[in-house]
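Report on the following structure.
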Amino acid sequence: MTTLKISDRIRLATKQSPDHRTVVEVGPHKVGGEDVIVIAGPCSVESRGQLMETARAVKAAGCQMLRGGAFKPRTLPYSFQGLGEEGLEILAEARKETGLPIVTEVLAPGDVELVEGYADVLQIGARNMQNYPLLRRVGAAEKPVLLKRGMAATIEEWLGCAEYILNEGNTGVILCERGIRCFSRVTRNTLDVSAVPVIHQSSHLPVVIDPSHGAGVRSLVAPMALAGVAAGADGVMVEVHPRPEEALSDGAQSLRPPELEELMKQIRKVAHAVGRGVQHGAR
Amino acid sequence: MTTLKISDRIRLATKQSPDHRTVVEVGPHKVGGEDVIVIAGPCSVESRGQLMETARAVKAAGCQMLRGGAFKPRTLPYSFQGLGEEGLEILAEARKETGLPIVTEVLAPGDVELVEGYADVLQIGARNMQNYPLLRRVGAAEKPVLLKRGMAATIEEWLGCAEYILNEGNTGVILCERGIRCFSRVTRNTLDVSAVPVIHQSSHLPVVIDPSHGAGVRSLVAPMALAGVAAGADGVMVEVHPRPEEALSDGAQSLRPPELEELMKQIRKVAHAVGRGVQHGAR
Amino acid sequence: MTTLKISDRIRLATKQSPDHRTVVEVGPHKVGGEDVIVIAGPCSVESRGQLMETARAVKAAGCQMLRGGAFKPRTLPYSFQGLGEEGLEILAEARKETGLPIVTEVLAPGDVELVEGYADVLQIGARNMQNYPLLRRVGAAEKPVLLKRGMAATIEEWLGCAEYILNEGNTGVILCERGIRCFSRVTRNTLDVSAVPVIHQSSHLPVVIDPSHGAGVRSLVAPMALAGVAAGADGVMVEVHPRPEEALSDGAQSLRPPELEELMKQIRKVAHAVGRGVQHGAR
Amino acid sequence: MTTLKISDRIRLATKQSPDHRTVVEVGPHKVGGEDVIVIAGPCSVESRGQLMETARAVKAAGCQMLRGGAFKPRTLPYSFQGLGEEGLEILAEARKETGLPIVTEVLAPGDVELVEGYADVLQIGARNMQNYPLLRRVGAAEKPVLLKRGMAATIEEWLGCAEYILNEGNTGVILCERGIRCFSRVTRNTLDVSAVPVIHQSSHLPVVIDPSHGAGVRSLVAPMALAGVAAGADGVMVEVHPRPEEALSDGAQSLRPPELEELMKQIRKVAHAVGRGVQHGAR
């Protein structure tokens, strides 16, 4: 694979040779390996019932991991902020039942120890991409980190943030493109699909794509997920909700379970077209 | 297919029902039909030799149309501005030999009559997207129009420009997403792949994707072309040059003939994965 | 004044020494000289009555020039497109009565001869900034040109367009910053006030600022006009309408005559604070 | 003053009547009152000598407050990260000698108690604008907060962050526009001067402007500072360094002491032109 130089200042995240690739292991799954993975789940853990119902649908569709927010960064202090530790417990229960590893966000250095006790992957959200004390703290954690790109972050700045984590000794960094802020009025953000090959040509780290936040419109999620896989993404992260119209956050961009199932079939086909498969789901 | 509402003010370009699709015929090819098409060729027609060599490679790779600029809009008046009518004659000669229909840009209302005498598809470049006298004039032409999206154009503004052409009676409008201007430092522009499903859900017009201008970096062209096809694009337009390092314009983003051939194979696979094929090439 | 290098490729528009300045003469007024000028008038010439009433208010407020569009570039073909030659005749009549020189837009190379017969300054709109055949044609005209910056244009691209005009022999180029497209939801565009000192430090050409299009909201026009003057703009161009709520275009951003009068007083004060005055109005 | 509605969801930061204004007191100074204030100092506290020399120059120029970073958010972990508590001690010493209140950044909730022990104003940087745990924590602090706008933040999102602080009971919020990310290649960011009148028309909170980060080029700092004051900014924050070429961060955009002195004179004139003065400096 071609090598693209971003910056001499990026040391640990830079690709050292054309075939240099890092594979991040999450439970039985490998992110950045031959096959792609799909992470699905609700924006927020809203209740035990909602999460368990979603987790079963995620497993049934053949996805590899479950996402769900217990600590939610919201534009206003009056919006639902997540269930906190209770949400983490519900996530752990869903893992126990379904076998799906858990991806969940952590917002503050002081919460890392707590979240790490439940999560399989620590998510750093777009708003916190350059929260350096938080990056350093998850860099010292035992769990892999999914690092979302900030809405105005250049590739160099994004890799610089990965560098903070790697520099603390945590080698399990998964990058996630989730849309950048441009002038679009139709989509919530502009999913920068080109970030996928740019990362693969400049860094050894795996990169997944989040078409739910990238598009912000349900009907655009599937085509953008497929675009990401065709461009080489190592995985897809999508929001799913059994009843999106009742969701406490991000309902307009959440797939319904049958839509997720349909999407998984399409992802398999496109992955196959670019010489990859989809990993086995949870057993 | 889902329907997405952009604006009540877009009358002729708006989709009237979920299955409403316009197929634009160009010679033996159908743009917007079941199968995708690939338009390839140099940024500029530089010489008879360069163009004929490229045209043969484009045909050999199985592409459906030949692109090449005879009138070039350049950032500075001192740059190569294209061969003008001589370039058009060379393009016509290439069509005669290869059978490939010609896509070429027209810059001014006063040139439309001339260019129409040679071209099969009249291209309106990104810089001229809102050149309304030019849009009206090509709206009165007998040839289909490929309308590139302006670098800062919203979807509504882009469809508004299609509306100018349709309103003059020309129903053969092909939209082309070629990247928007955002803050990227690595890519020349940001290819807005989401424009493809947004157009398909809001308009009946076909849409193709131009990953060469969108990315501006050769190694990113193939993954972005595949992303476009996976997202549903009706075609791909790419720049090819037998010796990119000698190109008078856009060398850094031009594929070499073997790379085009390889890309065609990949496009076939991804098109197949989303339930489409690639049309037959020129005979 | 400091010198800032934009590009070696910009030859004619580049400042050759710290004090290199071009002064463009328009009737009795000097654009780019010691004092600032104010160009005011409606977005579109809608009727003889509307334009004459506005022209008198513009003169009474002490402005130096009258703006008004006879050929209007509109997002959709169904919107009011301007009165054409009739609008030009009305503008000429207003000049005759008030003594105010006329600034008006030209959209196509084929219209330049006609518009030049009426206008004192030929305006190239933002959408046409890179309409090179049009730039070449106004470069061959006898009248000065006001060149608006395109919504996605870098400083280098903008100066490249000035270069096209200068290269044809027309030395009377006035640049106009009118807002760029960013992610703002409150303002119509983002007025890039920094373009004013950037142009002054890199080019000898005068630059004026258009806060009406830049902000798109009436209450923001005055503060942004003052910001432009404080940053060193050689002039301000504002939209005025006697009854904005009845305007056929841009009503929401048009000042009423008393607001224009008040703005002129404030501009005088800020111009004075940065060591300049406002030129005498029409006699 | 006109009232502009941003969102019904912004409760505490929204202007309730045309004259509703909050004045934030910092030592003897009032931010958001009749007169403007100037905050100056180095990007980073690099050494006792550098800071004391700068502080004396800041005082001599007649500025009202001293800025300087002890905890620095940097793109890469290998860059100078600030002196930490030692930097805070040096800042306190400078305050003792000069009487200038201190504005300094805090990066993590766990550092607020420490920083609050030294600072007069707690700065939240652009990268941390949406670091909600940090916002909540400074919302519970006894010191006023200077909240910088994020690079991709809409006005609503910015006010939403102010809302987090206000909602915890801290009424001393000063907003700071420091440039947004757009496509500019000449300036580091695009200073959105229009944010100043937008904030004044929609919120009661004071707003200052940071032309150093906004422009990123020394020669542009003064014109952009004046633009901000002309647009109604309640203050200006600028970077100053005795020897910018030796600065460990932001040297290219730092003023030298004589340039600061000259700028203060110009700010006085422009403030006067818009009916304001500059507050008395430290005694």
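For reference, chains read A, B, C and D in written order, and residue numbers begin at 1 within each chain.
The definition used in the following text is that a contact is a pair of C-beta atoms (placed from the backbone, for glycine too) under 8 Å apart; a residue touches a chain by one contact, two chains touch by 3 or more.
A quick note: this is a predicted structure, and the numbers were derived from the prediction, not measured.
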Chains in simultaneous contact with chain A and chain D: B, C
Equivalent interface positions on chain B and chain C, same or different at half: same
Whole-Å separation of chain centres (CA-atom averages), chain C against chain D: 34
Centre-to-centre distance between chain C and chain B (centres being mean Cα positions), rounded to whole Å: 34
Separation of chain B from chain D, taking each centre as the mean of its C-alpha atoms, in whole Å: 48
Numbers and ranges of chain A residues touching at least 2 other chains: 152, 156, 180-183
Arrangement of touching chains [line / ring / star / complete / other]: complete
In the complex with chain C, residue positions of chain B that touch it: 9-11, 73-78, 107-111, 127-128, 130-134, 136, 150-152, 156-157, 160, 163-164, 167, 180-181
Complex contacts: residues of chain D adjacent to chain B: 181-183
In the complex with chain C, residue positions of chain D that touch it: 2, 4, 6, 152, 154-156, 180, 182-187, 190-194, 196-198, 201, 214-215, 217, 219-220, 223-224, 226-232, 266, 269-270, 272-274
